[in-house]
Amino acid sequence: MVSEIELVDVQAGYGRAAPVLRGFSVAVPAGTVVCLVGPNGAGKSTVLKVASGLLGPRSGRVMVGGKDMTGAGPQKMLAEGVALVLQGHSVFREMTVEENVLLGGYTLRDRSLKAQRAKFVKELFPVVGERWHSLAGLLSGGQQKQVEFARSLMVDPKVVLLDEPSMGLDPKATSTIFEQVVRMRDAGTAVLLVEQNARRALETADLGCVLDLGRVHISGPAHELLADPQLGELYLGGRPAEKPPAV
Amino acid sequence: MVTLKTVGLRKAFGGVVAIDGADVEFLPGKVNALIGPNGSGKTTFFNCVTGMIKPDLGSVVFGDRDLTGRAPHVIARAGVGRTFQLCRTFPRMTAVENVLAAVRPGGVVHGLRSSHRRTETERAHHWLTRLGIEHLAEAEARNMSWGQQKLLELAGVLMAEPATILLDEPAGGVNPALLDRIGTLVRELNAEGRTFVIVEHNMDLVMSISDHIVVFDRGRPIAAGPPAEIRADERVLGAYLGV
Amino acid sequence: ACGGSDDGGGEGGDDPIVVGISLPLTGDFSEPGKGVQEGYEAWAKITNDKGGLLGGRKIELKILDDQSNADRVVADYEQLIGSDQVDLVVGPFSTRLVVPSARVAQEYGMLFVEPAGAAAEVFNQGFKNLFYAAPAVADDHYNHLAEYLLALPAGEKPKTVAYAAMDDPFAQGTAYGLKKKLEAGGVKTVVDEVYPPNTTDFGSIAAKIAAAKPDMVVGGSQYQDGVNLIVALQQLNYQPKLAAFSTAPTNPEFAKAIGNKTEGILSPTGYSQDAPYESNKEFVEKFKAQFGKAPEEDQANGYTTGQVVGAAVEAAGCAEQGDCQQKMIDWLHSNTVDTVVGPLKWDATGKPQGAHMIQQWVGNDIKIVLPADAKEADLVYPKPAW
Amino acid sequence: MPNASKSLLSYGLPALVLIVAIALFPSLAPNPYILSSGVIVLNWAVLATAWNFVGGFTGYISLGHGALAGLGGYATGLLITKADLPSFGALIVAAVLVAALAVPIGYAALRVRGASFVIVSIALVLILLLVFQSWSSVTGGSRGLVVPRPFPGMLRPDHHRAFFFLYGGLLLLALATWWLLDRSRFGMGLKAIREDEDKAESLGTPTFAYKLTVFVVSAAFTALAGGLYALWFGDLDPVFQFSVLTGSYIVLMALLGGVRNLYGPVLGAIVVGVALEYFKVEFGNSPLHLVTTGLLLGLVVMFMPDGVIPSLTALVKRLRNREDSSIREVTAADLAEQRREREAAKS
Amino acid sequence: MLVFQSVILGLLLGGLYALLAAGLTLYFGIMRVVMIAHSAFLILAAYLAWWTNDRLGIDPLLSLVVTVPLFFGAGVLLQRGLLSRLRPATLTMMSVLITFAIALMIEGLLGYAFSGTQRRIQLGYGTASFDLFGARVAVVKLIAFALAAVSLAALYTLMKRTQFGWALRATIQHRDAARLVGIDTERTAGYGFGLGLATAAVGGTALSLDTTIYPSLHWHWIGPLMAIIVVGGLGSVPGAAAAALLLGLAQSLLQIPMGATWAQTVFYVALFATLAVRPQGFFGGRLAQRF
């Protein structure tokens, strides 16, 4: 079976510095959620930047739908159906929420489709509708994150790359996002998910992949990784519920 | 040990009322948590308390000092340190310099003393080590990943040793394995007598380390109490946890 | 003039006499600067064609560009005197540059004849080595016009005058020289505007003048500001009985620049191609041959400077740094030199003792109308509409 | 400590070279013209170093320092002519006055950051030009101001020599001050402001007081250089004293050398100052000197935005060890291992 | 009477200021580039208009046909070749210097090609004027004003109403995010810059109709224009236009009691007043930094 997106033996890094990714491979088939976890600075965001075309790999290949897209920019990648939601905050701060969301559909020619999608995301994230006309940069951190996610939902990509989508979100919004991930998977989308909320993410994901120092440390079905005690200690944190509550 | 509290704090941005008459009192010498849904005013509350923005009404009281509307550096010197939600580091300084820069420089004249003193540098390395980013000591902050910067910022605040530490989402983007250690760290520092106020959406962390939780909704506190009580509070469940 | 030239020529052989000059070939004053340069070049060529000075020593010009900048002009003279060891230096263009460069020359003990420092401040710096090679300083440019106007019968005398002057020692000096004399003669000043040298929009100044409806308008102008002011006045359809502007109307481009609406405009001038002085005929003729055009005032100023220095050299019988310079200075202080602008003599401060002629646009030509003994046409007053 | 020897190499050695060069230059200069060019270059060096107090530490780029120098010059000249102060007394008083004036100027200008500050600094030059041109009853307007000679009767070459040493002393003083600030906490605070002003403030740095102080210090040195220039040069004209071009030459010099480095501005001043003289000789007859200056500035910004000194150091470093990874790399397992060891050692 | 005449003159002048400031606003407010060379390009365009008229004898307005596309192209090249290579973190500061360098080069080349002489277009209708309720309105000034008004309106519409305007703003605010929604950020930023320079072409031509030009004239324009965009609120085209009209008017009226020189200070007084009272400008403008 052809994977929707596949990175093969990728080497990548920033500027002249030593490589961040050193022979990294991952494949995400359609209708699958692959979760990437790893310590801070392991190179998770770098993987997504390479997969979306923001960062060209030094060597290795990037395949989309079986096609070699190595070195293609984000515009071409988007045309092939690859979309990325960045880590941190990437709203257009001095544009309104409306402009932000509608720009998500920049590549859509069909106006009615755009309107329909906008309506859908407004319903999904009530705050987007409520603050439709305010400048996005004025929203709270979590609200901005929701606008960003809403923006990415304006198109209907084949591959979705999510970089810590739940960061800064309250439990309700986090659930919405995970529900949406599941819904996308069920619709046949390939999802590559980076999460520090690792346990929750692995519970949702089909496959897991632990990244450390730019290499795959271990990969396999998500539930198996969850059960691995050594992994738990090194990457996933002890299960807080098992600890005696602090006084 | 001094108490941090606000009385009738209010801040509106145009039509949006971010904080709506908040009376909040944090327990001195304890780990306090401030939780609430997105947009409930937590960050704005921090900004008001630390002088980054001026409240429209109400006052911020620190012990017996009224610090309402004072400049941020004045409040910082009164012993309140903070981190930012969208983390802020000094991008073209190395990690060690970032941490060293957090040592309170004091007034202009006082500031003429040499920096980089041996003991201080050692302390800076100490904090980097404890937060697991010692290997990045000579790297510039702009070349770090999100989580690494988050940790670096935390190291800076800890280096400054304020009596009261406000953390805005310290766990956002930090690897869970490290999170446990941050929790332990907070507890240790708290045992040394520091007061913490932590804004956080990671409920596991909040519940495990805090002594006292204040819940915000739409700019005002709707509940306050120990974790067990908050966990059982229906208003909290409805407003925040969404169950 | 005296026999010493033969001895001088004997020892110096035919070493050229190097004359160092700094001129604003670029920057704000580059146009007049180039004019002065042509004057200097004409002087060197004409003199050399006649066999040079001191019995056979040719003149060699060393010209540096000061970019119209005072720092540069000082560095230039510093370089010319200190490093290039020139024999003589002569002045740059514009009052702003003359004062600093005269000081350098003074501190190296050099004679300094200059073609362009017409403003009063040049002469109250206490320079002992400076000579202005032109008939009159700025304040005296309009002397003949003032006399003429004040001599008119009471009914015809202009009653009100508007002055607009560029904030520049020279340009302002011309207008204020006239203002002082007219005010003393009871003529009222109704507008007195000073604008910075870089002004390009004259709408408001013109509006103010037009609204005051004075009988006469006087512009203390360089070139372009004068043109702009006249155009702005014409846009407002203001018709004075008399209009006098310094410098601008004598420029060959002037008529075209204001769309040929030049009727009756007055201007002082220190030089006329048709002036009857002996050396002038030679100058005009040879200048035309060299540059293919007739000389204007700037060219004449440069040439005059050369003539003055040349006379001093011949009189002193030498041309080099050192004691010779003081000899030349002393000679110039006590003698008169014949030049293309007439005989020149100086007071102790180096100020020349003469006045300018007044020209007026009549038909499509500019003619000398004052003083009476030099006039080519009668002054038309009140002037026709422009 | 290796740090100490490194700082001796990067601070002490150049200082020694500089002192020796200043001491010897006047006797080596072949003629007074070269000596006067030396004075000009040293003037630039002082100005660029003074500028670097603001530009290098706080990152606020001022195109208006030319105006502060002009103010220093005019203040010196006016104090001599109008208040009858002795020349060097006037110089000191003028520097103090300009420093005092820098407080309100800084107060207005430093309220805004980034690009707005640049605009304000340009506006400062233009407004002072207007004032000094128009207020002619005091300043002499566009007629200029003549500053009496401090050493009347001194011959010009000796005059140059005296001022060369005065400027040399001032430069060393400015460099020493910069160095002291650089290694102080005050300097650290200023650098923090350069990186992130809000963050610095939240850490307890009184950012405004810091910025203002360093601006005043910078203004004082700039005014001293400007005043010295007035004494040396003797003629002040608003058009040249208050020129954006002067300010931009200063910026060019500082940037070229490297603003984060003690000797960067001096090096830049020497390179650009000498180049300016050279261009003048080479292209004297055309406005191409503007083009070459522009080109040089453009090249610096595009290819060496950090300046010559840092670029060279980086190059040397790269040639020495090809793989640029000063960062130790550790995996989560390594970290866990280290921690365990430490804990074991503790107990 | 004099006051009314001054009001007319002030408004006509303000219109020109508005157009020129709009270009600056475009770079500065939207692209974070401080474009010191804007007024140098302005003078360049004015020179080209003068040259067309002087050498070819045709109306200077016709030079627009060439200068507008030429400047647009130059803007695209400038952005792609130079500005886009600057580090985003230091873009604002470094752009000051690089555009300053360009200004110097333009000034130097103009001086080289046309000498430092002041030039002025000589038009048949140069001194023509008509009466408006007792005030005189010069035809050339009215033409300049009309050019400015039309270009401003076009610019505003383009920025607010078109897909391109949105894309441009998005590109500047978060380049990576803009690329990720499918915007060709390089091209967009290049076109944006070209647009700004195109306004300089129009403004320069309008300027050349009724004033003198010389190579170093651009310094004279930088101050007032910068003041206008700060007063108007960095980044707001309507704000810049309003501030321009207001300050043009104020300058013109203040010349009556204060004279030309002191009247110019109104720009700087307004600048400092704005910074003291409302640093973000009086007519909208940029978002304050959020924590």
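Order as written gives the chain letters A, B, C, D and E; numbering starts at 1 within each chain.
FYI, a contact is a pair of C-beta atoms (placed from the backbone, for glycine too) under 8 Å apart; a residue touches a chain by one contact, two chains touch by 3 or more.
Which chain is which protein? Per UniProt: A, B = ABC transporter ATP-binding protein; D, E = Branched-chain amino acid ABC transporter permease.
Since this is a predicted model, take the numbers as computed values, not measurements.
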>> Give me the set of chains touching chain B intersected with the set touching chain E.
In response: A, D
> Once you count every C-beta pair in contact for both, which comes out on top, A-B or A-E?
Replying inline: A-B
>> As a quick test, compute the distance in whole Å between the mean CA positions of chain D and chain E.
In response: 32
> Hey, how far is the Cα centre of chain C from the one of chain D, in Å?
Replying inline: 41
>> Centroid from C-alpha atoms only, then distance chain A to chain C, rounded to Å. What do you get?
In response: 78
> Where in chain E do residues touch two or more other chains at once?
Replying inline: 111, 116, 219, 261, 264, 291
> By residue number and range, which residues of chain D touch two or more other chains?
Replying inline: 130, 133-134, 198, 286-287, 289, 327, 329-330, 332, 335
> Tell me, which residues of chain A touch at least two other chains?
Replying inline: 17, 38-39, 138, 233-235
>> Quick check: in the complex, which residue numbers of chain D touch chain C?
In response: 30-34, 36-37, 40, 130, 133-134, 136, 141-144, 146, 155-157, 159, 233-235, 237, 239-240, 277, 280, 284-287, 289
>> For a test of understanding, state which residues of chain E touch chain D in their complex under the given definition.
In response: 28, 32, 34, 82, 85-87, 90, 92-94, 96-98, 100-105, 107-112, 116, 215, 219, 222-223, 226-227, 230, 234, 261-262, 264-265, 267-268, 271-272, 275-276, 279, 289, 291
>> Quick check: in the complex, which residue numbers of chain B touch chain D?
In response: 50, 52, 71-74, 76-77, 81-82, 84, 88-93, 97, 100-108, 110-116, 132, 135-136, 138-139, 156-157, 160, 175, 177
>> Looking at the complex, which residues from chain A come into contact with chain D?
In response: 16-18, 38-39, 42, 212-213, 217, 233-235
>> List the residues on chain E that touch chain C in their complex, please.
In response: 1-2, 5-6, 9, 12-13, 111, 115-118, 120, 122-124, 126-129, 136, 138, 141, 211-214, 216-217, 219-220, 252, 255-256, 259-261, 263-264
